[in-house]
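Heads up, there are several structures right after this.
Next, two complexes with chain A in common: one pairs it with chain B, the other with chain C.
This part shows the complex of A and B:
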């Protein structure tokens, strides 16, 4: 064990040296992103980092955060893999970053959370919505998306308001996020609805005939089907569901807020899902999408670009409040932030465990376009407690 | 074990530890790159123990890596963490809280037990069937890990593993793995498996139980790969089942194939090369500025780069960079050969006979050997002649266990050995050569002979002397360190005979031993054979088309045609047999043939 302690000593010395150099260059905020630029999470992390970069460029063009701290951004692709996330996060932390960005899903983010906490560097996931992430990930782990339990409360409340009584939920135990329907089930039942059945699937399953047979066999017939499946499972599921003649209302969540959902034609017509925002005319989000198209020469297509942009605004607010780029100071400042003005919503961390309080938007797919259903505030008493499942 | 092996090992260890010291001095990311390198190297060495020595590519070894990573992670994870993230663990696992060493030992042993069970099936398969079976193993274990949610969190992240793998732990394990891999390769077991890789049929005929050797290598290699899995899990702290699937299998196989499967040096070279290329390309992925030009991000270029390297190496050097020889074998070509003993070892007791009774061998409809009865006695040289396709070689294959008999019986003395494997018959004292030379092409002359001499290892010693005696008997002593496949045709035939002699056979089957030799070489060979027959008391059964040779050498001649024995007796009598002459040239040419035979 002597060797180990010597190695540790050396590492500590080097880390100290790293912090020392960081401190001397006071005017730079180093942000490292272990981000899924390829693989299954790329449809979320790709736009998120594009939006994030837009904010970085805007802030730097204006002379840095508060005219004081210029931002340096480094992105490493983690190929949607937990192990690669751990390696990339460690490498970025070795490089002396002040803030770490993790992938848009709780699972790989867990791999980075422990490292960030150990290094006392605040870590943020742009798109992870599992409330267990900041809970289990430690004091330095934050998310920037409406939590699964909050989204489920909004969609279940809406379903009850529409008069739906019999629900079927389809979830996958493969990731934290895809278990979101279990929260929906809790709230739907608490509000007097009946959860008539539940089915599970494996991510990437593609063939849902067994589950659909189960749904069809239910008597009385279900009037709402809730799932957090996303690509490629959601398109396959909803097509097969409609092909089987089931007309029940389908409710989804933020994972299907992608151009694919709007290009499914009749199959996805009428689907309602929760997400982080909607560009109503004259809104900040509309202005953001216009600017995005100007910068990148193509439309953003998904809310994740705006969520990425907002995440940088949160970090900016934290650094401003801390007036420091030191990790622990930023972390403490972010934990106290209230009503940070993002393009998707106002964002509050004060009084939370790291899952932000922010608006949830309900969207309906109508004629291949997005239609705003509402942006209700959930009843806090109904929101289920986060749990690992 | 040759002194050369230890020089080789010392070289590797110096390189690994030197790298570790340099990384410690640089610190930070250099240390992490090196830890990942060590973990990969251990996995590649493990895969090489099986694939390199058996010649069977395995896609399945990451299954053992995964099993060990999960099991050891469960054992070392703090109990509190398990209560949250793995709430449904059985109590004995949920309450376990071990150190890295204990968890490693348990995980490695568990993986080896799994390997033993799986290996009993896989070791029976040949070539690509075995490779496909390993692929199946990978897919099955992947599915089981996902299904065993209570133990593994399914396909979700498995996190909370204490990060106990530091540079020196990884370096120490890498040294251990490299020593095991190299010692195995140069051990008797490794030599036998490599012989089986070069020519399974010939290895069997030299007494090697190829399946058992494959199984041993499979289990050892699973243990080494499992070790790398333990280290990987405790380096990352969090991983998912994806880490033990195709992408990483591909990356590790790339190291193995590019470096050269058959050598430890190759595994090391491949791991170094691929690690360097991966590290460089990974940095390029995030964009790069060259001479003021900003290159765009190229996410995904790492795998493409590795693919291109494989293509390039395969094109230029199909066996990999170090395809056959270790670095020390390239530098120190010569080895020590024991002095040939003055006295030839004697085969043994008196009065052995090998008897075939009404042996038949049918291939589907074709009857190649039809109710043939022959016998060979001690110190007797029996010639087996007949036109092409008359069933001579098939008879030898049946008698030596290379082919199973269809009907009839084979007796060695009074023991019924019908249906015995070629390896078992080799053990009972039947040595043979092959019509189309079957040497272990990648091995040296001495190693070829040693495979046979080591048949009784570890029960009997004196293999060095047997090798030296066999080499001396065939006049090959000064060619001992030459690679077998580079020898002349005549010398290759002599190596085959020397190899068979090293079995100390009671009966020796020679299938066209003089083919391709000139008259002087043939005469010298015949003189040697006659001498061996006398001094060692061997019975020899010889097939050749050189009829004058057979007539001079043999005391008795058996003539076959169309699968049957058509004549048997003393050479002088047989060559006058009209049936024999007719079989060779038809009735018309009888007189010319009779003249030719008697001249």
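This part shows the complex of A and C:
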């Protein structure tokens, strides 16, 4: 929490400086973040808000958005809990914020979405990837990550290109995000692959021996296993899968873009997953990671830091286009944004329902490091419609 | 048949871990009439001990017993600092105290160690398996089954053959009379916490060996499972806790193994449904404590 209050202090001090130089009080963009700084979503929201704060500090140091609007940021920890998200969001909205940041998962974000819509304050989730979030969350809810259905299209197309024919998917009905393999299953089947079976798990289940025995009993054996499980489920699953002697290709998604995945040794070797970007030499992302290390004195260990940074860039572009800090005006401007230059990718909201169009990256775990597999553009005709449930 | 055998091994392995956890809860309940919801945090402590031992370069064979020792120490400290002052309080007071201890420990882990989950370095052998005929048994599973058996045998010996063990059994039957016979309350309760810490530590090592990471809130799921298992087995009954743990393991594994695909999303609900049905038939649990409902402490 100390970091938060320091950031807040810095933002307030800068805002005060802004006032001193003649800017009026209403020229402040108040951003409130109901963010999971602790608990299960902390591996995503923690770095996301670190990146976000970097962007805020940079913009404020340069005199505010368009030299006009200073940014004030307040972060409340929601401990990865949906009920806490609603409480924190209400508190922030009552405090008169112009923009709300919700947690990096669709489910707690839903709890805040209705409140934001009612208050006509645009809400953004840094890392939520369920395409249903902006659809069910209302006009004021935006996502900021490649959608689950788009990620699944990219990974399923890649699997087919690699010659894999027989897939098994493991999903959890507990959250929207963990049902991503169902999109994979649709695309994989549409491209001529066979989905030999699907298993479910409970988040936090830990023991996957029963599911794995079922995978092993499949005849013919599967050559690819796809899951959107993340910590602590994914490490447990992949270790037990390899221990059982199953050598099929494992495909995951953005939730496993975390240091644990790269520290699993042999078990995670060769795992391929979709995420939001990769620091190729000379790229903006590489420069961002270098800067992150300069600011925080340690490397950013996931893409989520960059995703948080990009989210602030999107909000900046929205405020610039609207030339206002009024919630409804920002919302309308963001909905028309095209090709906002982020460090991970160009980001477009125009023509979408609030799920941005942006690049998807395929990464392979190799010797405990990330290896770029590709950044293919998915075939729009293949992308499954959001699965409403 | 192979499929069935393999799933049975899976169930024994999972059930064994649940049994260790449920035993840890039961041993405290049998003596103090308290469910210790901070039991999960003892596992988390074990996990962090393993993590730090790994970072310090200690081999797993040394790190694991060390981690269990840390859990025993933490459990005894927990009793001395938090539970002894409220020992004469109502069961509700002790229950709330245990929740408070759990939350305080979680917050300490978050603030002093890390909010995010930390990788634990484990020997590669733990991620391997042994083939016996058509069966594949994970080293992890072998470890889990072996440790469970050793602990159950050792605990049985301890409770039946040692003075402290006999005193603990006496205290579980009737604490007041046991004290009249010269059994020292502090020693018995402290001993019960030490054993419960050892059980949590052993279960914690097995749990972490499976997931290879540790986070501040990791104790929640296992303590919940242990709670279900000990209720199913019969609260306060040690044999009941073991039976409940294995029963829960078997129910979970076999539902996953044989439930049709369309029903899979409901397996957790079905498992709890079966537990409720069993409790309807046997309201005091599978093997109830014979002195159920008697005043404790």
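We adopt the following convention: the second predicted complex is superposed on the first by the 364 of 389 C-alpha atoms of A that agree within 3 Å, B and C clash if a C-alpha of one lies under 4 Å from a C-alpha of the other, contacts with A are read in each partner's own complex, and residues count from 1 in each chain.
The rule is short, and it goes like this: a residue touches a chain if its C-beta (ideal position, glycine included) is under 8 Å from a C-beta of that chain, and two chains touch if they have at least 3 such contacts.
Source: prediction; values computed, not measured.
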| item | value |
| --- | --- |
| Touching partner for A:244 - first (chain B), second (chain C), both, neither | second |
| First (chain B), second (chain C), both or neither touched by A:207 | second |
| Which superposed partner A:236 touches (first chain B, second chain C, both, neither) | second |
| Touched partner set for A:86, first chain B, second chain C, both or neither | first |
| First, second, both or neither for A:198, with chain B first and chain C second | second |
| Which of chain B and chain C A:216 touches, first, second, both or neither | second |
| Which superposed partner A:75 touches (first chain B, second chain C, both, neither) | first |
| Chain B versus chain C as contact partner of A:62, first or second or both or neither | neither |
| First (chain B), second (chain C), both or neither touched by A:115 | first |
| Set of chain A residues, in rising order, touched by both chain B and chain C | 37-38, 173, 202 |
| Of chain A, residues touching chain C in the complex | 37-40, 42-43, 46, 173, 197-200, 202, 204-207, 209-211, 213-214, 216-217, 231-232, 235-236, 239-240, 242-245, 259-260, 263-267 |
| Chain A contact footprint on chain C (complex, rising order) | 3, 6-7, 10-11, 13-14, 17, 110, 115-119, 121, 124, 126-129, 131, 136, 138-141, 207, 210-213, 215-218, 220-221, 252-254, 256-257, 261, 264-265, 267-268 |
| In the complex, chain B residues that touch chain A | 24, 27-29, 31-32, 36, 84-85, 87, 146, 149, 154-160, 163, 166-169, 232, 236-240, 242-243, 247, 282, 285-286, 297, 299-300 |
| Touching residues on chain A, where the partner in the complex is chain B | 3-4, 7-8, 10-11, 14, 18, 37-38, 74-77, 79, 81-83, 85-87, 90-91, 94-95, 106-108, 110-111, 113-115, 136, 173-176, 202-203, 388 |
